[in-house]
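Both of the next two complexes hold chain A, though its partner changes from chain B to chain C.
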Partner chain A sequence: MAAPAQLGLQNAASPIMEELIAFHDHALMIIFLISSLVLYIISLMLTTKLTHTSTMNAQEIEMIWTILPAMILIMIALPSLRILYMTDEFNKPYLTLKAIGHQWYWSYEYSDYEDLAFDSYIMPTYFLEPGEFRLLEVDNRTTLPMEADIRVLISSQDVLHSWAVPSLGVKTDAIPGRLNQAMVASMRPGLYYGQCSEICGSNHSFMPIVLEFIYFQDFEVWASYLYI
Partner chain B sequence: MAAVPEPDEPAKRKGSCTSLRSYWKPFKLLGILDVENIPCARDSILYGSLGSVVAGFGHFLLTSRIRRSCDVGVGGFILVTLGCWFHCRYNYAKQKIQQRITRQGMKNKLLYEGTHLDPERKQNNGNSSN
Partner chain C sequence: MAEEMKAKLKNYKTAPFDSRFPNQNQTRNCWQNYLDFHRCEKALSAKGDDVSVCQWYRRVYKSLCPISWVTDWDEQRADGTFPGKI
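Coming up: the complex of A and B.
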């Protein structure tokens, strides 16, 4: 999850998020260089005594400032499209999880198991244990196996919501009457926090998501306990 | 040596590398580029600065033109930074892939050692049949 006053991206827990962070660094370096160049040109313009009031044409500079931005845009677009298609790759999922948005909680259904479904409400502040995070904890965490491709089907019961977990690089709208699919995979065990990302009413800020990724054997034990 | 805090005095947080890190604002060039935490950023900027100084100063020594030398310096900064950045990121990506393959190989060895799925056993069988 985010550290206090963190502005940058969270640490990656999935391969897609690693690729997104690398692309973000790539785009940021290009932006930094363009900004430096523009600042330098502004300083040149402000400190020159030269004037030329009868410019008619400037073919060379026009060529440069047409071709160079086109090349920069291609340099940014190619990795971007690569990641875009990578997020749409559909590997055979190990598990399917349904995440349904309600006002103002999430409900989860594990369709591969019989009768495995629960609601996930925000943990009120006065119920928090020491060390738990305010407005981020839930009463029932969504437990999933790590190092497995998991298909998440996202929909909504009432209004628009959005199921987002920044560490895994996933944000998918929950639209009533529509099923959206996202693929999720974590490389390591741990807790990954997210929040609803589409305005959905007065308690929009109070419907968090907590994914708990555990080892496969432990996941099977957890799933079997919920049948009891 | 820190004194023991009085009962009504709030306990001061003990400084340590891990605790202070979350309170430090990262240094960002032009307010956007976090050179501390982005891999290869610091090296690229430093090499770019060096290239800029070498190119600009060298041009000035040859031509004695100040403004044009500044232009050459800025151009050199951009080109050297970009070049170092792509070179470093390419090697970084190769290293990450190699680390992932090694990690997976170590995990497979731990899991499958002694079983019929042991990759070393398959390799030895292949060598002995040849």
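Coming up: the complex of A and C.
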């Protein structure tokens, strides 16, 4: 989850998110370099008494400031496309989770063996234990096994919602009548928080997502409890 | 063939990648498997054959389709208002 007043991206829990963070750092550094260069040149322009009133042509500098930005853009595009194709890689999912958006909660279904389904409402503030996060906790967390490729199928029962978990680099729209597929994998156990990311009515800010990644053996135990 | 199907069903973990539906939109994948199961069931039971080979389609559509969609479609089939051809 985000720390108070956090500006940067959350720590990565999946390999794709690690790639996204690295790309973000790379692109941001390029932006900082260009911006500071431009600001420096502006400051030079504004603080000189020299003038040049008869510029006719400037072939050399025109070449430089065309070729150089083109190369910079290629240096941004290549890693970007690499990550884009990486997110679409064919992988064999171990498990399928369905996340269905409602006004104003998520419901989750695990139907690979038996129909296991439950709703996940926000934990109201007055029910929070000390140490829990306001507007982020839910009553039933979505439990998943770590180090496994999980296919998440996202849809909605009423209006548009969006299922987002920043630590895993996932944000996929929940559209009524459509099943959107996203792949999710966590490298470590833990709790990963997200919030609905498409305006959906009055309680749009109050339908969070909590994924609880646990070890495989514990996952089987948890799944068997849903029968009761 | 039935033995291979039984082995495949025993090792079933989740719906595998289907190259007919390689992209993000998996709606058609769910719909197609639902149709395929009911068509398979109807065709084989009409001939008096073993219906258990159709179980693969059932497992896949159960994995992919939201439970509410399946319930609605089952009701529509019972009412005779199901939009697909079975």
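The rule we apply is simple: the second predicted complex is superposed on the first by the 228 of 228 C-alpha atoms of A that agree within 3 Å, B and C clash if a C-alpha of one lies under 4 Å from a C-alpha of the other, contacts with A are read in each partner's own complex, and residues count from 1 in each chain.
Convention: contacts are C-beta pairs under 8 Å (C-beta built on N, C-alpha and C of every residue); 3 or more make two chains touch, one makes a residue touch a chain.
For clarity, every value in this text was computed on a predicted model and none was experimentally measured.
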| item | value |
| --- | --- |
| Touched partner set for A:26, first chain B, second chain C, both or neither | first |
| Chain B versus chain C as contact partner of A:180, first or second or both or neither | second |
| Partner touching more residues of chain A, whether chain B or chain C | C |
| Contacts of A:36 with chain B and chain C, given as first, second, both or neither | first |
| Which of chain B and chain C A:96 touches, first, second, both or neither | second |
| First (chain B), second (chain C), both or neither touched by A:115 | second |
| List of chain A residues in touch with chain B within their complex | 3-5, 8, 18, 22, 25-26, 28-29, 31-33, 35-37, 39-40, 44 |
| Sites on chain A touched by chain C in the complex | 90, 92-96, 98, 100, 109, 111-112, 115, 117, 151, 153, 155, 157, 172, 177-182 |
| Residues of chain B that touch chain A when the two form their complex | 22-23, 25-26, 29-30, 32-34, 37-41, 44, 67, 74, 77-78, 81-82, 85, 89, 93, 96 |
| Contacting residues of chain C [partner chain A, same complex] | 12-17, 22, 24-27, 29-30, 59, 62-68 |
